[in-house]
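Below are the structure tokens for one structure; questions will follow.
Should a chain be cited, it is by its letter among A, B, C and D, assigned in written order, with residues numbered from 1 in that chain.
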């Protein structure tokens, strides 16, 4: 028996809506007449399935925009932010992105979360020659990125699934089972986990894809547990992970869990308590909590939202900073293509390391090459615009994420 | 600016097509179809899958229409035996079953990964910047044809019978006509129109996934119908324009409610829709612009 | 599939079914007496769950107080909506009442999300391990849930079968014309009906919140299985609603052992269709005589 | 041979036996009355005869064919039609359209024909309109041709229902209380029209409470009580039957 910690503050209940948006209004939106601004679109999943993440992603974008503008803008151009909610729905996203393109005349769209939104809006942004930055994990994003204007800040499902399998192997597990939420990201992860594990001659003891929005997953869980796994690769969002882990804990059966970092984090501990989350393995491409870019970002994020940033928020922050550095490198008169061409350069290896916009800008102004290492990863983009980050492997110990090791991300063979 | 307006217009026209199908079913026949999005989904996937296999788009659209209409046949036969209230739940269940099937049968539909790269209408025929405008014109033409068709149907002896069924089904049976037969046909026509709308949307969006076909879409169509007033095609148009206009227009609400966060704005939007529904039903039962009688001329 | 898995699935089905029996009873009573499928039922549940959370936060941690508070709150909202919306629509087609109830559902849910946001909440209760009887697992929390549901159901059945108001209620449910002709004053029955419907949704929502997590879509997502259960049991039959939803939940859980989780919705739908075709009035409904 | 013969029909609702081995015949071109107290089972008998309620046992034979299992609309198509106690007009449609719906087997009811045989449909519509005008003239409804049927008086609605039946060109019609709620002047007219119809060769079976009017026009009468036929014969004989007098509690007749 244990007491679940009582941790949702009264204020959080009443204002979590507002808390998410912090100050509500978009920051730094006063511009001098005739000032040349960079019109930036934020397309976030504020409502719908992305609801738990989207608002904070937008907050991170605002934070980064404020940082860039406070430094006087990139190449003298301040960022003007236009935010839209895609409702985590492709058809709503199409209209939202059309609005950003046609009405707000944005030059880049950042913050796209769902693969379905990314895939549905790609034809439009490509036609309009817009830079887009997203956290989509569907491998199709790479093949559909025909103009090279899309940048994937999140590792693809393939890389994630592979990393999960690698962690399971390194920890010496013998009978992994797979459980995944039925959407494209998680089913992708699950499938790649299975193929990566089986490529080395192993066998997956159970493989269950479950439907979301249920009040209980006991029967699905029972199916997995019946195969007596020593570890479960659980690809889930927080609500369903909360229920599943609660039911697993109640069942009393012993096994470990490997989960993505955006689910297995402090929020999950808050929801479930320390005992039920003890020993969860959380995998995330946060470079490291020790990383200066992350530390600084996390601190600022916390003062505004009263909570730790998740990986998507960190990625969104990096999107804006990367874009700003690319703009700085390309110069004030550069067109979209020129700016886009600099994205790989300002993040690529071989330059002087930078951890913030101001640092990077100063290096660029000295005429040197810069390599921005962001809050979310080292940010090295592959030839289709994908990131192959290193993964931090964390254990949840006494309610805190403790970094155990870092493993290199790699595509499945 | 024009591009955005065209995009909104396309959205309106797709909803309008769906709504006109439902108007025939509910407004003129009295069928409470709560699974409209299921037929829409069947149309989308049929046309998309065929086109991805290289079938010309006009053919795939025709197939989408036909398959959606055919799907309505067994459904109609089963549920019309049961009476009005059951049709609602059976069709709702049907649309969810369709969605689950699309999610699960990965060999065919790629499941939750969705179908990317669906051939675009007019791609390669016209200048890429003109494609949206051409799609808009095509949809306008399709809507016009469908409206004429529905108008023709409700003015015909067939339309007379379905209207009589709406008024009093028992009496129609007493006149030697089998209401189930007429209702099934009405259901099939409406479903076919929804299927066509689905196909057109697939070739406009170029990406579809099962999560697009949730029951909320059906409810939106119902809301459009109720707002505009059931039983008149004019009401359908007004209702749809109002709904999409509001859903899109509320993006600009932010300029009004500056102190409100994005999340809360989304809540405000749904709240206004809910309140509008309640108030229209309470205070304007014939719809905002509807008239109470349908065939009076 | 071994029998232990099946037994566990059945137990799970019973727990979920008993929990949903409360709102299902609300649906069937409203259907029998006010004559429309109330789509706001799900969001009344959501309201109940959120009220539980809020009352735990603002009034302290007692779960019993929180659940009672939730029931009071939803009963009050349910009555309010009756007096404002559904009473005025009594003479209109049931489709217009249905549409209005969808409006109520949206309004209630968006009011909740306006204040509470989209993120999840959990009811503050200690986690307990299940009792394990040779593989068959029973959760103490589940027993409390089933117990609470049973007591509430018993209370309402007592009222319905032993008090004058309850008898009037059943008379109206049986035949509104007849009831009107014999001069039954419907006012008090309607107030009782909507209060009970609201309170039951609130209780169901609160219990569901305890069992799962609290999200804005919590109740709305359950509408479809609840309606299916009600129809299965026979629309308008209170006993039927309870047995229907329990049967339905068991069927869903057991089905997910065999056909995979995604198809359990489809399978449940097919079961429903078959039952309806063989017995259009549902398991416990009476045949409808045409005049 | 009788046009319509109902033999040993039973029907139950729950435990209640609404029809208890009822037999009844209507001959070709005959005009027959059916009386009985409330709840005697008259309307139920109509519903069984026309197929709205399944028969528990027994048979319904029409024109020598057993139609016990035939669905409602098929019976109507064979020429057996009915009206309802409470008029079931199509209230949102005009009187004219109400009658137009009545005609059987219209080509325009086929969707294919709507596209491919528009000319034929137009001709058919004109022909039907002509017949509708005749029927309206016959029933004195021409004045209200363009009124919504829901706005008519009770008597006019009854006439309208009969008009719809005439559009069907039936062989036998079952009228369920055609005089109920109709003002006395119109009752005269109704009686007159019914007799006229019968003279044209349509067999008629009438349920009626208004015994005086009924006795005046029907040569033959059945009386029902508690689900059974208790008497039949000429009106005088039936009304004199002690069982009938008993059922009506003496005083009423």
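The rule is short, and it goes like this: contacts are C-beta pairs under 8 Å (C-beta built on N, C-alpha and C of every residue); 3 or more make two chains touch, one makes a residue touch a chain.
Computed from a prediction, not measured in an experiment: that's the story for all the values here.
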| item | value |
| --- | --- |
| Chain nearest the overall C-alpha centroid of the shown protein atoms | B |
| Chain whose Cα centroid lies at the greatest distance from that of chain B | D |
| Whole-Å separation of chain centres (CA-atom averages), chain A against chain B | 35 |
| Distance from the mean Cα position of chain C to that of chain B, given in whole angstrom | 30 |
| Distance between the centres, which are taken as Cα means, of chain D and chain C, whole angstrom | 46 |
| Computed distance of Cα centres, chain D from chain B, in Å | 42 |
| Contacts with 2+ other chains: residues of chain A | 17, 20, 46-47, 51, 55, 182, 211 |
| Touching two or more other chains - residues of chain D | 52 |
| Overlap residues in chain B, where contacts from two or more other chains coincide | 100, 103, 170, 263-264, 266-267 |
| Residues of chain A touching chain C in the complex | 1-4, 6, 8, 10, 13-14, 16-17, 19-20, 46-47, 51-52, 55, 182, 208-211, 213-216, 218-220, 222-223, 226, 238-239, 242-243, 246, 249-252, 271-273, 275-276 |
| Chain B to chain D touching residues, read off their complex | 152-153, 156-158, 160-161, 163-164, 166-168, 170-178, 182, 185, 189, 293-296 |
| Residues on chain B engaged by chain A in the complex (per definition of touch) | 1-5, 7-8, 11, 100, 103, 111-114, 116-117, 120, 128-129, 201, 205-209, 211-212, 248, 251, 258-267 |
| Chain A-facing residues of chain C, complex | 2, 5, 8-9, 12, 15-16, 19, 53-54, 57-58, 61, 113-122, 124-130, 132, 137, 139, 141, 208, 211-213, 215, 217-218, 221-222, 253, 256-257, 260-262, 264-265 |
| Partner chain B, residues of chain D touching it in the complex | 50, 52, 71-77, 81-84, 88-94, 97-98, 100-102, 104, 106-111, 114, 121, 124-125, 148, 164, 167-168 |
